[in-house]
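Please see the structure below; I have some questions.
For reference, chains read A, B, C, D, E and F in written order, and residue numbers begin at 1 within each chain.
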């Protein structure tokens, strides 16, 4: 394509987009985004985008619906302003867990979001570490599904841990954790929590693998309330882990989560900036790796037509 | 059609929908709507809607984007639950003022909203007193554009004012006010505020019509901050109006509006319940007429195939 | 984009397109367009357009439907001939006044036209001075809405009128006339004609602004029968205007209009060539400015990706 | 379906639609259709059509594009008026001969027409005796392709000709003529006109079958200029035909056609009312059979869900 | 809806559809389906389906692509034949495992199939026990996702096993097996097979739950080659299971599978007829339960508008 | 366009695509295509195609449905892999004879195929010698309809036949044969076979043109069973042809065809490689010309934007 490239940001990903643009060595696209007193969002793109290859970065975080609508409105403005191609870059995908009908008469909102994006005018999508890979099939337009796994591997390798072991907190997470373990050159341990009996109260937990005296590294896709993590930490401690780390690309940290993690005896919580954190407010416990170079490189390659899968080769 | 009719409500129009259902003599459809801690909206329709002719009532009011997404999610759930036909009932249309590109690179969000509704699965739309009638053309699906004008006429006629005169606060509103004047059997007065010179500071205001000693009734489509109204009240007083009333179907009353109106010397502000008000909080100055019978009757006729335009004949 | 650019013309805009091509310094694309004896239109594009950035100029004028169908058929031929992008250039938009349902069971033909254009294969649209700016929202594809206002300003400034005043013949036209007044550096006057009473026969007209001893310049979007203009001329004369000019981008001049204007005591009628006139037949009263440079420049910028809004900056 | 049925007509098929309604025993739907002085078509449907199963009858005849646009505009009005289903009834299909690209860069207008109809809102189509049956594949919506062949058979059988022979004027028409021959219980003769040499001037004509002393009945799909017919009549006379009849469902009779036929020595020209004729102006030579009962019966069956193919069984 | 209901079958589900129709007490719809010598499939629907609520049953089994195309062609024929609504009933969904991009540049064929079905004209879909529930989100049209779990529960309960235990052969299958266990009132056991080290050769298997002396019932969604099953049987025997049963709704039994299962020491393999088996050829080991009553009841309820989820309540 | 060009092949056109790539001087794109044991097709594109102008060559031949699905799956994979443009190259078009409803309730599969191709993601189509040119109108995307006629002309001219005559075996084929005759500079002869009487058994055949002592060259679009050809050979021999040749671009040679032709006394059967033949198995009688240079040149021109119709000029 090689059309002129421009990166814009919604308000939920302003900092991340600035970091992406620093990586790309170009200024962030100028846009005015505000809310009128009637709570209506207003957007104006402040520079010419005709025939440009435009990327709009906007993640999902509270206020979720406002951030999504803001993205849709920006895409509408860019399309009407004659952008040549519009790529929606969603570091954390909205409504990612609403991906199936598991009860009667519920929506599949992750599919609805896919349709809203293309209706507004998105020509393609970039996102990171979807909860279920099938969500790729919710789109007919090309979607680049990136992963932050190698960021965690690089960071941990640099720490020089002597005996790391990757941990999946349930078997649904095992496939994701396996990729991480391989990247790290570490073994994998898997926890199982299942109600095996015919009553809802009995739970039998299994633990596969060996964490005794090792640095156990829990690997999840997101940290919301932190309850699951805290439960897993208890198990790992019972299993004799020497130290416990937590890795998860999407650090949502919903109400109380940071306090909960702070008192659980975790050595370090490592996450990324797919969701914005007020860094000043993050406790020393939490390390934030940046996906900006990853997204920047993906944007560069999408624009020039280079392979994205090559980005992840060699892990 | 005569398929079984079911009315559901988003959270912004719960009270209005209950009133509509009272008018129709049927219970409001049961749905669970809530927000998870991650700020994601969840919806479940709690009764069978297969082959039903479903109406979903949800107005636009703050939080505007949440209310819109909630509506879209409900429509997605209803479509997947095999509703036969889904009518989105929007008493106050979202982003109604964003209806054109009057600056470079701005969105036309009212059109985007139209596309989002049909993408989610709305088969038709009902709304009340659009700011610009051209918004009807943003839809390809049938849209029933209702008006609350006759509610105001009926209410005012019942008051037995001896010398009413309808007032448009600018000429853009004149056509709407004319319909009101005719319904009321009253003359019309029109204000004009224009910067006529080649500087931005000089304003010349004209006033057409005669309000001396009469009950001047300002007729607008919406009341937001109230600034326009208060300015018009001053002019009307200068023109010798005996008493001043304000009518507007959409009473948004953004921050400070009610205080502003309360001290302006207005006899009565008459609006409707297209946008929900905490009634307890409404000052005695404000009278709220209900559009519930109007919407209920429209829903009844859409379901049975009777004429909607007949509803407004004879005004 | 920078793909090779080719401009073609329907039969209603043959002369205008030739002028556009002279401006661009390139020959008009060759096409055979004819009607068979069975009244069917036949089109053949006579040169290779593969991978070209094609513009088709065709205005709306009688026979309106033939001209529209001819445009749709040309677009179909160009699409099947593998044009890379097709821009429909509509100097005067078809059915521009049919933009809303203001009576029961009428069409919104301006929206229908938008859908027909994109169905045939138009990728984008260029038009001039739409009656209602909301018509932009009838399109999902990019639309460049140009204005001829500055042509009138430049022409009148060159005349060196000593005391010009812009005139809107009704308040609906006031916004458009205000832009013109500003471009001209002149004050604005506004006429109002309204039936204020509750009978249809009584009319009260207001006049805002001062035209005494000045050159009053009526500014409209189109001149059809000329009846409105002639009525306005009477009012302006009563108000003491020294001289009266009429400006309108779209000079339709339906039956009898030129005679009507000729005897009304107007100094000059200034219009453009958005609609073709047989110039030989135009009375001396009428001056035709050409939109060819405006359209040519817009076409050049659309092709190269330069800003169109910059074209109008500084007015 | 069994929804209430309403039949409307465009201006080109007013008489035919009245005849259809007489057959159905119901009044023609009331609509106002007119052209404004600016040559724009205006339509208003004058009766409630909500939830109705609506049929709009409009044929293709000069002015071809006006009639087509009028149909599209009516469909738009009916859709916006909430008709439950809209069937476009096109007795003679517009641009029926423009069905392929047989030269570089020409349109396929018959396909374009199909797309315009469904874009405007047609849910299904009824038409009669298409020139090429492949045009059915231009539609994704259901299309009922009727034939008037049996009308001609019935009429001719009733005449009691002693030795009829069906004649196809070229082999492309042979399949159609064969169906007619079978319906009539008559043999078939076929003419061939081909340029067999490598120059354009040499023509060799073949004649298959025996018409000597018989009533030769030329069977075509349409009569336009009549040149082909007149040429065929000469051949038939040379072959010794006792009498010559001409049958064609679509009697377009373009300029000079009736005069040409009148002097060719034809016993009778039999056509239908798919295209309107001013009956007073038709010479005695021409017999017009009515497709109204055929279309009426098809409309009745489409509405009730009865088989249409059964209509033609037994021929 | 209550439109007349008609059930048709593709050749891969002829027997199943006959059983469904017996359940519904109506004859199977008549259609001619054959392959020409050029390997092209030909379909003709042999009875009137106008305004009918049509269901087409066709499963996925070898030849997979022929069966899929046959279904698409049947849907095309039914749509053109004016069926009111077409429901594709796919007992086993085609390409169900191709539901994500887990390698660069692979298709998501399960999504492609969804799009092909709706392109051909399917208005809704019914299927049974999808491998991943997210495939529901590949559709915008309503999809009824049925499960055969209760068939297995009913059958096994009737056997009166004294100590049954449900077994998931890997944790991905645990959720499905849990539903089965609950239906059966039995505990659950889960196997885990994971490569935990950083080499591909080392595998550590865990086993959660207790099967000693019990009837272990492996619960899968499909049986293809049987290799997984045979491996699981070995583990269960090591764990001390008294007897081993295998349940899976989709019994594909690819080459060698039946032999493999026959010699594995399994007491009984229980599957359904979602995929056709030559019953004569099935070894005594295999019990085939029929989904015909389940599909018949779903079809009945879809047609009448009764709840489908109620079908599964009480499990 | 000038984007990087890549040519891929389905398994039915592997050899042809290799020949095309030799013509273009570039390697065939690498892709893995295989069938799993469950008969599901798997595709992986093995090289980066981002922003590439991709052509996928896949003809229709048995197994017809597998080859079609393989093409659709490849297109899906290429689209998701971010190919800039995807052109489906179909040397022989699937279901080409299923192009109309000539019986009640049959499909129009050739149209269905067109829709499936664009649904999967084809942006344009190239094909050769369609049976009916109207099939072009089944597509809205650009279609390049190539012909192999000039290949046959060139080959036969090079043979130096002294008195060639082109032969159409029925009048439907006459137009195609005429183009061939002109290319060859030879006269044309036409056979007619028709049932002229009202019984199905009587056939009357006509023969137009003179083949006595000449080399008669039968020109068809495809050879399937060969029955038609063998019948035509008998007629030509009766008419005194000196020698008989057969030309047809699509040599399907269904079961028994080659034996049938071998014993018919034909001098040479000339076809192309649009459909793959096992060359070793072709009898000496059959000459296979290659369409690879034709397709290669078309692909080159589509990619560069040069005229395709120029390719055929001068014939």
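FYI, contacts are C-beta pairs under 8 Å (C-beta built on N, C-alpha and C of every residue); 3 or more make two chains touch, one makes a residue touch a chain.
Given the structure is predicted, the values throughout are model-derived calculations rather than measurements.
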**OP:** Any chance you could name the chains that touch chain B and chain C both?
**Re:** A, D
Subject >> Contact-richer chain pair (by C-beta pairs counted) among A-F and D-F >> reply: D-F
Original post:
Any idea how many Å lie between the Cα centroids of chain C and chain E?
Top reply: 62
**OP:** Determine the centre-to-centre distance between chain A and chain B, using the mean Cα coordinates as centres, and give it in whole Å.
**Re:** 40
Subject >> Set of chain E residues in contact with two or more other chains >> reply: 80-81, 101, 104-105, 108, 111, 115, 136, 140, 307-309
Original post:
Name the touching chain pairs, would you?
Top reply: A-B, A-C, A-E, A-F, B-C, B-D, B-E, C-D, C-F, D-E, D-F, E-F
Original post:
For chain A, which residues are in contact with chain E within the complex?
Top reply: 99-102, 104-105, 108, 110-111, 115, 132-138, 140, 145, 170-172, 174, 178, 181-182, 185-190, 192, 194-198, 204, 206-209, 307-309
Subject >> Sites on chain D touched by chain C in the complex >> reply: 37-46, 49, 61-66, 68-70, 72-74, 76-78, 80-81, 94-95, 97-98, 101, 103-109, 111-112, 115-116, 119-120, 224-225, 252, 254-255
Subject >> List of chain C residues in touch with chain A within their complex >> reply: 1-2, 124, 136, 140, 142-144, 301-302, 304-310
Original post:
Mind pulling up the chain F residues that touch chain A in the complex?
Top reply: 4, 48, 50-52, 79-82, 84, 121
